[in-house]
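Which chain is which? They are A, B and C, in the order written, and residues in each are numbered from 1.
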Amino acid sequence: MEASGKIVLPGDVLPLAADAKKTAVVRLGPGLLQTDDAIRATQTGLLLANPSNNTWWVNGSTKRYVPALGEPVIGVVVSRTAEHYRVDIGSANTALLPVLAFEGATKRNRPNLLVGAPVYARVTLANRDMEPEIECVNSSSGKADGFGELTGGLIAHCSLQQCQRLLDPDNIVLNTIGAKIPLDVAIGLNGRVWVNNEKHKNVILVANAITSSEFLSHEQCQALVQSLIAKLEL
Amino acid sequence: MAPDIKPVVLSAAAFEKIAPEEFYKRFVQNNVRPDGRSLERFRPTSLQINSVTTANGSAVVRLGNTMVVCGIKAEVAEPRADAPNLGYIVPNVELAPICSPQFKAGPPGELSQAIGHQLNRILDLGKVLKLDQLCIEEHQAVWCLYADVTCLTYEGNILDAALLALMAALTHMRLPQATLNEDTGVVTTSLTDDSTPLVIDRPVYAATFAMFPDQVLLADPTDTEEAIAEALVSVVLDDQGRQCCIWTHGTQPQDYTRCTERLLTLAQQRTTTLQSLVTANAPQS
Amino acid sequence: MAATRRDHRDAAQIRPLEIVQGVLHRADGSAQFDHAPTAVLCGVYGPTEIKIRDEKVDRATLEVNYKPAIGSSNTKDRWIEYSLRRVFEGVILTALHPSTLIQLNLQVVSDHGSVLATAFNSATMALMDAGVPMRTVVASVSCAIDQAGNVLMDPDEEEEKNATSCHVFVFDAEMKGALFTDSLGNYTPTQFEHCYQSCKAGAAKVIHFMRAAVEAKLTRQTQQS
């Protein structure tokens, strides 16, 4: 698996070890495609592998979101009908959010979202030939699991890769600031991050830190966070 | 119990609709095309010269079911300051909904503008004719030839048909006698029998091929063949057999080292055929 | 053969290449590609929502908008758009995003010859930056044959004007053949073959350069994690 960590361009052939090809099942993640003769990259990025189950994928950089099943996303309601909200989640097509897909919602008693309302939801249908569908409730437990309308706060926009990095429990920006002030954060994998705090100034500082830390090294990030902490209203 | 799988019987029309590539592959394997032609055969081509009496020159070309009319209208215009003795030729291709439902009404589409520009480039960069023969009076007046190619029915290979119509119309057109009145600055024109025809230095003709897998080439493709081909190759040669233009565009790479010879041989034969068609079809005056 | 060119290049020499990716803030992917001084900027949007009349249910629709450096666009630009669209429709894996629109917007920043080849290269880099799935990368190089019969690679505007023929080729990374060819003028089959081989070698260099640019950019970015 020494090939993992290599930078690939579209069309590059996946350098599978000759012996691995016969025995093991190879699992392909994003950015890879099997053609007639080989497995090739379709996107530019870092070729990564998980040796334990022989899974390969390309970690590319994109700004446009393509929905994937089960991913948390932040969207904005753009219109509503009797049965659905139409939510912009940054993908090619707007997503459908059933009006009853909320915790404890019934025909009589259900949340009333206005056009423009931000929601935190999970993708329940991601098929390239159909409109994506999302929900704000865990349909097996009936609990919200933290999903639902987002009130107050600010939505920061960043690249899809930055969102994934923010999910890392060791992320410097969120960890260090979170240790100083109480912080509400919702991370959508569609390139949107929602932050909230009692003080507006703090919200803006954190949102800026999230967007500007994308291309910084570890040390630069630490310096940025330290300078921010000095400015926070505690 | 194993499910009872019945073989699906498809009509030819349904097969073509569902899997056009596979449908064509079956034909190509037997060296024949759905319209009965062999692979390297062009569709029957006919030409009618100067049947549009209101134009200064015209040609009607039928290439199988592709039919185009080219009309050339000469108008007096002012020359460009940096080229005071050069006239203009403005080719324009029109693909209106009348010729095929695939074209929408409204401003000219991408294909018609692209083909129109390709004709322009062939005339210009291919040095087909000298524009100074369109001069009426240096710095004052020159001829501008509007060459409008209108497609009546569209069944693919518009470039071959349009270029043939344009060449035929240019070859047989007559420019009116024009004189500039120095005092009034007005150009008077008169069409007489002794009007001189244009001098075409380098008559050029196109032969378009659709490339299919394994270096199979289909001459003079129809629109269905164009849609599923790996690439389209248009070879433009002059009457001496010299290359004027090779225009290839498509989805799969084409290795010229393996197919150029065949392409050039076929294009050469086609050019000879078209050249004799144009010269033999001199209009009866 | 020491053909002196206006900018003191060798006949086979390509002008200095430069790539900047991600130059446009709002686009999903962008790049500026220079065959200095010729430069083309490209911004990619997609896959995005599509108008119903342009929708294709089995693949993405590709739209190309090309704006010249000077003046409003005319039929020449439609021809360039058609050429780009034909090539990239085969290169982009459009079946992965059915019923969507992928939009390529090109703006010529400065036009000093070989602008079509530069546009192809710029579009490739922008598509890579946007992460649009592609079958391969493509690179384009043009050449011109002058009155003396010399093959001049990557000609400038003066050399294009005085040439007896101009040739543009587009190759993919496997270099098995040309995806696009535009050869125009008066030339022999031997000259054509020579141009084809020279441009093939040139395109290999361009792809090598593209790879180096991508690696440099990604290495910088991944230092963080």
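Just so it is clear, contacts are C-beta pairs under 8 Å (C-beta built on N, C-alpha and C of every residue); 3 or more make two chains touch, one makes a residue touch a chain.
Since the model is a prediction, treat every value here as computed from it, not as a measurement.
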| item | value |
| --- | --- |
| Greatest separation from subunit C - chain, by CA centre | A |
| Central chain (by mean CA position) | C |
| Chain centre separation (subunit A, subunit C; CA means) in Å | 33 |
| Cα-centroid distance, subunit A relative to subunit B, in whole angstrom | 52 |
| Separation of subunit B from subunit C, taking each centre as the mean of its C-alpha atoms, in whole Å | 27 |
| Shared-contact residues (touching 2 or more other chains) in subunit C | 172, 174 |
| Multi-chain contact sites of subunit A, meaning residues that touch two or more partners | none |
| Touching residues on subunit C, where the partner in the complex is subunit A | 28-29, 45-50, 57, 93, 96-101, 128-137, 172-174, 210-211, 214-215, 218-225 |
| Contact footprint of subunit C on subunit A as seen in their complex | 7, 9-12, 31, 33, 35, 40, 42-46, 60-64, 66, 92-94, 128-129, 165, 215-218, 221 |
| Subunit B-touching residues of subunit C, taken from the complex the two chains share | 75-76, 78-79, 81-83, 85-87, 89-91, 165-166, 171-172, 174, 176-189, 192-193, 196 |
| Residues of subunit B touching subunit C in the complex | 110-111, 113-114, 116-118, 120-122, 125-127, 202, 231, 233, 238, 242-257, 260, 264 |
